[in-house]
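Labels for the chains are A, B, C, D, E and F, by order of writing; each one numbers its residues from 1.
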Amino acid sequence: MMKKLYDYQKDENVNLFLLIKSAEEKKTRNNKPYLALTFQDTSGEISANFWDAKPKDIETFKAGYVVKVDGKREEYNGNPQLRLNAIRLAKEDEPSNPELYVERAPIHKDKMIEEFNKAMFDITNANLNRIVRHVMKKFQREFFQSPAAMKNHHAFLGGLAYHTVCMLRIARSLITVYEDLNTSLLFSGIILHDVGKVIELSGPTATEYTLEGKLIGHIVLISNEISKACQELKIDENHEDVLLLKHLILAHHGEYEYGSPVRPQIPEAEIIHYIDQIDAKMNMMQAALRKTEPGEFSEKIWAMGNRSFYKKTMDIKNNMIASQSKP
Amino acid sequence: MMKKLYDYQKDENVNLFLLIKSAEEKKTRNNKPYLALTFQDTSGEISANFWDAKPKDIETFKAGYVVKVDGKREEYNGNPQLRLNAIRLAKEDEPSNPELYVERAPIHKDKMIEEFNKAMFDITNANLNRIVRHVMKKFQREFFQSPAAMKNHHAFLGGLAYHTVCMLRIARSLITVYEDLNTSLLFSGIILHDVGKVIELSGPTATEYTLEGKLIGHIVLISNEISKACQELKIDENHEDVLLLKHLILAHHGEYEYGSPVRPQIPEAEIIHYIDQIDAKMNMMQAALRKTEPGEFSEKIWAMGNRSFYKKTMDIKNNMIASQSKP
Amino acid sequence: MMKKLYDYQKDENVNLFLLIKSAEEKKTRNNKPYLALTFQDTSGEISANFWDAKPKDIETFKAGYVVKVDGKREEYNGNPQLRLNAIRLAKEDEPSNPELYVERAPIHKDKMIEEFNKAMFDITNANLNRIVRHVMKKFQREFFQSPAAMKNHHAFLGGLAYHTVCMLRIARSLITVYEDLNTSLLFSGIILHDVGKVIELSGPTATEYTLEGKLIGHIVLISNEISKACQELKIDENHEDVLLLKHLILAHHGEYEYGSPVRPQIPEAEIIHYIDQIDAKMNMMQAALRKTEPGEFSEKIWAMGNRSFYKKTMDIKNNMIASQSKP
Amino acid sequence: MMKKLYDYQKDENVNLFLLIKSAEEKKTRNNKPYLALTFQDTSGEISANFWDAKPKDIETFKAGYVVKVDGKREEYNGNPQLRLNAIRLAKEDEPSNPELYVERAPIHKDKMIEEFNKAMFDITNANLNRIVRHVMKKFQREFFQSPAAMKNHHAFLGGLAYHTVCMLRIARSLITVYEDLNTSLLFSGIILHDVGKVIELSGPTATEYTLEGKLIGHIVLISNEISKACQELKIDENHEDVLLLKHLILAHHGEYEYGSPVRPQIPEAEIIHYIDQIDAKMNMMQAALRKTEPGEFSEKIWAMGNRSFYKKTMDIKNNMIASQSKP
Amino acid sequence: MMKKLYDYQKDENVNLFLLIKSAEEKKTRNNKPYLALTFQDTSGEISANFWDAKPKDIETFKAGYVVKVDGKREEYNGNPQLRLNAIRLAKEDEPSNPELYVERAPIHKDKMIEEFNKAMFDITNANLNRIVRHVMKKFQREFFQSPAAMKNHHAFLGGLAYHTVCMLRIARSLITVYEDLNTSLLFSGIILHDVGKVIELSGPTATEYTLEGKLIGHIVLISNEISKACQELKIDENHEDVLLLKHLILAHHGEYEYGSPVRPQIPEAEIIHYIDQIDAKMNMMQAALRKTEPGEFSEKIWAMGNRSFYKKTMDIKNNMIASQSKP
Amino acid sequence: MMKKLYDYQKDENVNLFLLIKSAEEKKTRNNKPYLALTFQDTSGEISANFWDAKPKDIETFKAGYVVKVDGKREEYNGNPQLRLNAIRLAKEDEPSNPELYVERAPIHKDKMIEEFNKAMFDITNANLNRIVRHVMKKFQREFFQSPAAMKNHHAFLGGLAYHTVCMLRIARSLITVYEDLNTSLLFSGIILHDVGKVIELSGPTATEYTLEGKLIGHIVLISNEISKACQELKIDENHEDVLLLKHLILAHHGEYEYGSPVRPQIPEAEIIHYIDQIDAKMNMMQAALRKTEPGEFSEKIWAMGNRSFYKKTMDIKNNMIASQSKP
């Protein structure tokens, strides 16, 4: 299999195809133009400076293009940087499709849809089933594109759907441990809990907060969508099951200080909060450890209290010591 | 003028008409029945025990009736208590109308409506004007009945409307000091900021939280009403002025930890938060100081960091020392 | 099936067998002796006063005896209280075994042992397997007796083992969702995480903190037991797997302020913290809701931020409205 | 009207008179001397490097001089920077008065003095009136020069007086809404609340904390000045009105954690705290929004919880959409 | 030696002289008069009810009198209470001096004065020496009477002076460990740090906060006294040594949230804060442990984070196990 | 006496022997190699760039060598920097021993050992004496090398032992002020309280946290060593004195949020916490003030709430004004 960007060590020569994520024209203190580039593939990102860039170069190497890069992985102020020796656009018969270089959910959209359908089947409460179906239909396209967050966790194409699928999987096992949990409520709440993010965030690439996202927030946005769904479906908004579904959404951040206007007041609300936390944090730890050598500590994760995490040298599956060297 | 309940000092004989606020049948440790009564007039409340109550007494003295009471103001565990000597129902030609004994907003409903109309006139933005008018029409009756809170501040009949009127008065002066403030937004936000409380609270007497109030909260409830108004009035919900109005409502608690899902992001939102604080706190301090003698400290106010407040001996208007004695 | 204590409503006549949990001789203000009793069965506890208790009564009705009680459920200061009409000791042919009246884990000890054995089988790392086996053998008897906490959650006979079993069940499903998690570490950490409580707490009845429990705490106590196990089993204490196991124990409260001297630094440590939280909170909510009528809110749970929880009227299994009345 | 510094967009050629705010002689890594300049006019500040500065240049272009500048507005690390093409001193017949380029209070000192006099007139309490007059006389000159803070809010020439005037305006309206408020106390407290800053801060330019400012703080400094005034005016320091005035000063930060040694214990103290907050925050928001385009968010304001604020596209006065383009 | 009140165990008969600390006339629910008494000796306080008190009894047994009491130590709601069998006034030839029963500093006033004089001798800085002497002379009488706090620590006659002496002793040793510390500053700061309490508190018996104490607080009160001393002694208030002395006083609570308007900014200020903490906390722990049996935990101390403290069974001096029984 | 690095002012020519603390090969943006050097002597550290370094230079000037440096003290971005004119290795007959340039405890190891022996003599409790002796013997060599912390306080060779000696000195005086304190416990606790740092930290140079240090922490590590000592010495681990010693260690950070798994529950534990704080903070303040001119404020100390400290101009010993100029 082809080597990826982060398979290269410091001071190793790099020779591979990469996507230009951003390209900014700058000037040195001596007023000479250069291109500040960021390359990416699915293993991560790296910056590089293209010194003495000619106008033609600036025209050629723009964000969104795949290029063949020849250079060396170095470090600048503790961060990896690529020293460029040569760069050219990828040809048509080369892997020039930008989509190949973007990080995405590790399972396929079709598989995720299948899991959602299975969950919908278990939402036996008629009101909830209709509401969830209605809302999801409206936002389906964006839902399977959107990241789950600006940064922090699941910040990749399809991240929102993948995050939701993982939460459903955990919920599915918890209802066997705690039989009091109401499956219809739990699954409905999980599926809808973050759908507001497709309104809050601008999309999967160059993600930004929208004006609505900033001024209203995804929690209230989706609560409002549930109201609209009720009106269109002629469901009484004040019926207990609708009220509880809204409550699940509004309370899922768990505490006022995390932006929930109410705190969880039914067990399903408390549980969704914890499942959300588990999946977000597992994702952040996995992402950090993926870039860490066995026996080392990861970079600090700001959203987890600035902790860094240790990568075991024990072999995960066989419980044997992992080999330190890489082939 | 007739003396009120709290014009009497400790150990003074009390002889006046009072409303029975609550009447609960209880038993002593020795199993003898008695009535635990709470009386009220507009000056406050006091409890009293009707020992050896006969079944007929229990039938007669129920919550909501006005009675003539003869007794003595005493103290029990530091709280005022009334020792009952005699009690009888008020006659028709006596002041037997319960409404005379209930605390209410200090200005008349008609005067308040007039002030609201004046404010509506200054909401020159057409969308905002229509939305506010629509929502207020829907909740008008309850709005002028409802207290502004369960306890703490403005917990009386008409308290919500009175609180809102006072806020409008402050806002009216602030827009002359800060010309950048948008009058339409500021007035609309103030009028609607707490209307959700008529859904959140059960009404002016024996006030409780409703299920919606607990699970959704008045902030999100009124934000949802604005959406509905838009749909009925065919106003685009995503238009900036609607978005900003919603933002004012959602952000008016000022901080996440006080239950706002977003923090203020326009000056009008920040200002409404402060006006709300000023009026709520002035009301709490006034209520506590009304029961305090000059030169003394009031009881502690839990909602103000458990502080107690000093009642000046200086005459407020003439800056002379207030006479300690009361005529 | 026989009616339990909490199947009776207020003002209903009560006639059933109960265990005397505590019996304290007291005197009234007028110096007359009485017995302050607390009765219990598996549905909960209730207090009662036995007025004018004779010396013989005081001799007879002691903690630990089962009695036949005739009385009436009343309320005193908002708490349920039993008015005693008649009381006598249970006879031998009646249900006089005290164990029948004590709350205990809802699954049988044998079933729990079976689940532990299954988990041990999945701890394929030899060091961890031997350490866990060694520690559990030492504390096995107390482990299956001990509550999981003084009060708050799982405060019943076998509560510690039951809490641990539920955590293992959740863990078992999480390792299918997150394949990176190391089963040996996760299971070892869960099994041992609270074993220190058998040293920290005095036992299943009249539970108190021991001196060691107060001065050292269960977290450090069990960490120390792991060291001892290593010495006895000739396992190098500084080997990574032992170090990580200790870390799991020390970090499982998640944050310094909850008494963990280190914060989680491997994913398994973070996950155990969350599983622990989920199971403790589900147990507290279930216990509170068990005493709550559908459509009502439970008492406030101090250990959950003083929240109270709503009991749905929706039928849990069939998603239909639960009948309010009880047969 | 002449264009100001911040009327120029990025990459526009700049040609205007500016004041040199600071000029520092530096050396490049290659040891060549250059001048690091900061220019300002009333619209803001910008930095510029004068490369290869000759000794004569260094002599000529010093802080405090007005210069004619020819250059181009660029950006360096996200901040605006001026690329210098030409620079020369302003001639006498050009706008060479440095005072023209310094930000100052938006209303004239005479107008402010008038408002203070009006307020003094309303301080009818004789003691308070004499004390305020005495203290203000002592610090009058510095008071009308001083900024209200080092940075954050009203950090300009006359800012302290302007801040105080705005607070008086708000107070004047609040006493009509809340008739219990004592005008003498409220106005005296506002006028003196921050006078200590003229001792705490070193003056309007290159503002620094003085040693007294750091070790004692403006709150205690002015409280001490009130004591001195009492001694000089033979007013009893322990008289209630003096005590309350001091209390207003000491408590005006509202909470211990903001540096008040006591918390507000009379309504006037609570109200001054809020008026102070409102005016400080309005000033910070206005300053940030002045540099923001309609439809955009301002830079983050650290002193307001790191929030950024949205600049409406609605026309403030006419409630119409503001034109995005600038003439 | 005569047995003291707290040498008696529960249910033991008590027969000894006690001071009446307070005597309040009350009525039972059945309207019968009784006297609610609090007795004290140097070992502590206990309450007792004198049932069916005759008017003559009420006349006789007033606060401030010493009585001979015959009764039994019992418990009521977990607190010790005395059941009275007989009570009479102490005769002249009996230990009838009330001063014998009041808790006071464990060392004599003369000894304390001696230690202060020794400290004054080490304040070699002339300004500081004169200021401290001046202030202490003014408040000397109250200083040696006053408690150090309302409750919490050193709440006894002479407690303030004793607390200050202990702090001087610690300071004396710290200057040998840290030679950089300035003796003049350190000793001056300690001697004056709490003198403001003689203005803040109403005196050694029935201690209350004064109006000045509440509105200004002892920290600012004594800072103001230093200013006055300077004026009277013609010392320049802005001289560095005076400024630093004031800073020591203002900063000695260590943090804003504990009421210091500035935080420590010289080492002496930081150190005084810690010495103050050590002595206050040692005093609180000693007081709590004095009432605790070896091998038991004390009552919880609210001012120390609600912790309770363990009383060692080890003999303090000889490191042997203390005998549990008391001779 | 020879001038040290920090005796030189800005822009002064520097000519002295220094130790190379670190030497890193770097490249300019233009790809030219240079050496980024850090020099140190006992007065502090300074950085310098050796431009156009030849391969031979890079070979010669390595960390650990003493060099003769000729240059000029300048400033770069507010930090001192050395401009290099000439550099050569120190010769054998010059002060070429690296140990002469490293900061170390201000008193000699032998003197410290003497103080420890004196303290051991006062630990009259046999168990404690044997345990402390046993643990100290095991870690003696590292103990006298180790710093007391990574950075912050006592971060120098022998810092841990010196910190401990200072704490013993303070403790020795406190036991004369508070006679209840148990000397054996107090001294044992102090000696062992931070010994875990020799396991937690990697050593005196290039100090890093070890894996055990990160995952277990020095508090639990030393608690475990006490257990091991007990096993080897056949002392019962559950004996009260051992339990209390462990408690002292575990509780010495004072609060959960500082990493103590239990809070102090005996006076000795509380006192050790405060002594530790005093010595750590005195050390940090001294270190910061050593680099500060009289009349100036030090740099901010992050570990002390980001405060900066004022360096008095008063002469410490004679209380006279220190001369600002330096000979």
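Couple of notes before you dig in:
Everything below uses one rule, namely that a contact is a pair of C-beta atoms (placed from the backbone, for glycine too) under 8 Å apart; a residue touches a chain by one contact, two chains touch by 3 or more.
Everything numeric here is computed off the predicted structure, so don't read it as measured data.
Steps from chain D to chain F, taking the shortest chain of touch contacts, total 1. Chains making contact with chain C as well as with chain F: A, E.
Greatest Cα centroid separation from chain A: this falls to E. Residues touching across the chain A-chain B interface largely coincide between the two copies, over half of the numbers being common to both. For the pairs A-D and E-F, the larger set of C-beta contacts lies at E-F. Between the CA-based centres of chain A and chain C the separation comes to 39 Å, rounded to the whole angstrom.
Per-chain CA centroids place chain D at a distance of 47 Å from chain E. In terms of their C-alpha centroids, the spacing between chain B and chain C amounts to 44 Å. Chain geometry summary: the mean Cα position of chain B and that of chain F are 61 Å apart.
Multi-chain contact residues of chain C (touching two or more other chains) are listed as 211, 214-215, 240, 244, 265, 297, 310.
According to the touch criterion at the top of this document, the contacting chain pairs are A-B, A-C, A-D, A-F, B-C, B-D, B-E, C-E, C-F, D-E, D-F, E-F.
Interface of chain D with chain B (complex): residues 124-126, 166, 169-170, 172-174, 176-178, 180, 182, 184, 240-241, 244, 255, 263-267, 270-271, 274, 277-278, 281-282, 285-286, 289, 297, 304-305, 307-310, 312-314, 316, 318-319. Listed in rising order, the residues of chain B touching chain A in the complex are 211-212, 214-217, 219-220, 223-224, 227-228, 231, 238, 240, 243-244, 246-247, 250, 256-262, 265.
Within the complex formed with chain D, the chain F residues making contact are 297, 310. Within the complex, the chain F residues that touch chain A are 29, 211, 214-215.
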